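Each chain carries a letter (A, B and C) given by its place in the written order, and its residues are counted from 1.
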Amino acid sequence: MHAAEKKIAVRPQEEKRRTYIAALIIFVLFLVSTISTEYQPFELFANMENFWDFLFQDLLPPRLTDPQMIVEGVVQTVSMAIVATLLAAILSMILAVLGAEATCPWKPLRKLVRLIASIQRNIPNMIWIFILIMAFGIGNVVGMLALLIQSTGFMTRAFIETLDEIGGESLEAMHAVGATRFAIITQALIPACLSGVISWMLYGLEINIRSSSLVGAVGGGGIGLVMMGYIKQFRYHSAMGTILLIAAIVILVDMLTNFLRKKVLA
Amino acid sequence: MESILRIEHLRKYYGETKAVEDVSFSVNKGELVVIIGPSGAGKSTVLRCINRMIDPTDGSIWFEGADIAKLTSEKELKALRRRIGMIFQSFNLVYRLSVFQNVLHGRLGYMSTMDAVLGKYSEEDKRKALELLDMIGLKDMIYKRAGDLSGGQKQRVGIARALMQDPALLLCDEPIASLDPASSKIIMDQIQKMTKEREIACIVNLHQVDVAKTYADRIVGIHKGEVVFDDVPEKLDEAMIEKIYEMPIQELTVGLEKGKVS
Amino acid sequence: MEGIVVGGNRQNIFGPEPEEKQSSPVLLHRDGKIRTADPAKSRGIKIFLILFLIVGCGAMYTMNLDWAQLAGGISQIPAAIANLCEIDFYQFDVTFSALFESIAVSILATIYSLILGMFLAVFMARNITPFRWLPPILSAFFTFLRAIPSTIWVLLILVCVGFGPTAGIIGMSISSMAFFAKSMCQCFEEVSNDTIEALKAMGAGKIKIFFRAILPSAFTSLLAWTSINFESNFESSIILGTVGGGGIGYVVSNCMGRYSYGQAMVAILLMLAFTYIMEIGFTVFKERKK
């Protein structure tokens, strides 16, 4: 092998250069972020003792005090998620029919529906809560509406996609048979979309259960508010108990939705 | 002729199931041996016992003067496997990577772990890979993704990758089963050419009898895990084929016409 | 297509079909009318929908929604929007640096959790793990970590290490790590066993196979997962601000508390602009990678 000879590139030069640039950008971002936030993970490891103390003395064992308040909180949170999912499903079905190419012949309306859905989806939940609190004050109305807005956003989009996917071919066939638009929508499209709709509803329920405890914490009521209260009162054992309860609820609901998916959609 | 591989009374049971009952044959340098037999006869199992992807139950496998049937240490197995190239029915490339990178994978067994992790291939290896790619006719697409190639081209990459290992023995497990007749011919020609030019011992599993007869120096017929035929292709008569495949020759030839090469 | 075979005149090349299948090719309603769909298929869906409706109504009842509040609030919406629209650039520099802090926190959380998560995914993917008993344990552990919203983790860490970005980074890293571990594990397991076998047959060890075959195969999905995770981290960094982790969320909640809605609106708009730019950036990046 001659040293003077040019090295053979395993990957094309351009691709290599791009990888280097990407790596460099990531490194710079990392560096700048670390400096600006003064984040030192290793210092944290040095202070692990504090952490263990906190974990085993302040947090563990978890405790569930005030059973009545907690039960009420759980019921609130779960109800909030279910109601939001149900209303969102109904609302998005209507919006989707107005927004899908297969069902709505009027283009400006389709654009408008898609725009609304995209706004609902892309503005973080938290911002919706702030805005809603301005109008409604604190309470479960705000929590429910915040969940409703976000899940309507993504469900509308998902339903539109389902409708268009199924719509394309069967619509043509139905037109050829001579069916009216209304008959097509109710007889062919919606029944065919139902299983897709249900799977998105189950997904929405999972998301809403997760968010509803959070939404509660910042002013929507429910178990989240109870937990927040414990933390503010420095009652960490009780807070930990509530947190584990939230985790248990989330896992249970996930298991339930998985079960339903297998049962209903099989 | 110098014998590279000698298998004696190889046996492989999976619990009660007898995959390979009694297989003995040997392969010389530069010799192309084709194993034929119906699916489920144990052809694949025999190949995978040779490079020890499967542990044989009993029998011995002499490769380059040592019995490798009883090897257990991971280190010895790796050293053995890099001397044996393998070509697969479904190519088994890393489809996200380029053709060049896939061929270079053939050197992984020889490299230090550190170099392998960083993807630092020596210039010598790269030059060799380029030569091989030139030889198999893929020099123009070395930076193309392996996943974007046609089936025949993928298999050619597979051959180049196996040859990168500098193998003493090449195992081909149904190399043309998922290819069209034209590509099949190219692949079989290349395998034959490499075997002769580089004096590699080569074992090919096939289910097309006519292909086997065209390319093999010797044919080994396996039936229910036992060798029932081991001779030059000219001696393989219709009665023998019927015995190996347990099927009247008329029914077999229907399939043969389809898989016919040239 | 739910075609029903009415006649049995098609010759079956695999021999006669079992008796039961041929006995009743046309499904009838109880009153003798011909059914147009197989009831077994849609029954589950119908029952589910009806049940969900009932449960939903029950939930509406137990939730005890304050209808007066709802009705009263709706009339307040225009006023609220009008308040927000009075854009006020007061203390814009503070808002901007707060946005920057939120971004920095999300970047660090994403990077650290990516590294940790990927490392753990190696032990969790069933096809490459060095210990067979480990994957189910890890999987259960990560399910637990992910079941608790990241904000709650942040709250807990906040109590432990005190206010500031550190708590946010660690708290978010916990759920992000679980996210990466699970999704990367899935990517690793998708790499075909045949390919792994091929490299093993060449004498390559597990480490070499991982870096040369499995990791490159998972790379494209890795980019997608990273962008999703970064977006969700940025979103939680907003929530985080409201519980005391600093950043843009703190500015928004603080302004809201002081009734300076115009200032809050600036913060919100900044945030949305960043989310939008980021989305475009990732899309362009993905296109170019192809």
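The criterion applied here is as follows: a contact is a pair of C-beta atoms (placed from the backbone, for glycine too) under 8 Å apart; a residue touches a chain by one contact, two chains touch by 3 or more.
All values derive from a computational prediction rather than experimental measurement.
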{"item": "Between A-C and A-B, the pair with more C-beta contacts", "value": "A-C"}
{"item": "Chain ID, smallest distance between chain and overall C-alpha centroids", "value": "C"}
{"item": "Taking each chain's C-alpha mean as its centre, the one farthest from subunit A", "value": "B"}
{"item": "Distance between the centres, which are taken as Cα means, of subunit C and subunit B, whole angstrom", "value": "45"}
{"item": "CA centroid of subunit A to CA centroid of subunit B, Å", "value": "50"}
{"item": "Gap in Å, rounded to a whole number, between the CA centres of subunit C and subunit A", "value": "6"}
{"item": "Numbers and ranges of subunit C residues touching at least 2 other chains", "value": "none"}
{"item": "Multi-chain contact sites of subunit B, meaning residues that touch two or more partners", "value": "101, 119"}
{"item": "Touching residues on subunit A, where the partner in the complex is subunit C", "value": "18, 26, 29-30, 32-34, 36-41, 44, 50-51, 54, 58-59, 75-76, 78-80, 82-83, 85-87, 122-127, 130-137, 139-141, 144, 191, 194-195, 198, 201, 210-211, 213-214, 217-218, 227-228, 231, 236, 243, 246-248, 250-251, 254, 260, 263-266"}
{"item": "Residue ranges of subunit A touching subunit B (in the complex, touch as defined)", "value": "1, 5, 7-8, 10-12, 15"}
{"item": "Parts of subunit B lying in touch with subunit A, wherever the complex brings them together", "value": "98, 100-101, 104, 119, 121, 123-124, 126-127, 130, 143"}
{"item": "Contact set on subunit B toward subunit C in their complex", "value": "51, 53, 74, 77-86, 88, 90, 92-97, 101, 105-106, 108-111, 113, 116-117, 119, 161-162, 165"}
{"item": "Residue ranges of subunit C touching subunit A (in the complex, touch as defined)", "value": "37, 42, 44-45, 47-49, 52-53, 55-56, 59-60, 62-66, 69-70, 72-74, 76-77, 79-80, 83-84, 100-101, 103-105, 107-108, 111-112, 143-144, 147-149, 151-152, 155-156, 159-161, 165-166, 169-170, 235, 238-239, 242-243, 249, 252-253, 256, 261, 264, 268, 271-272, 275-276, 288"}
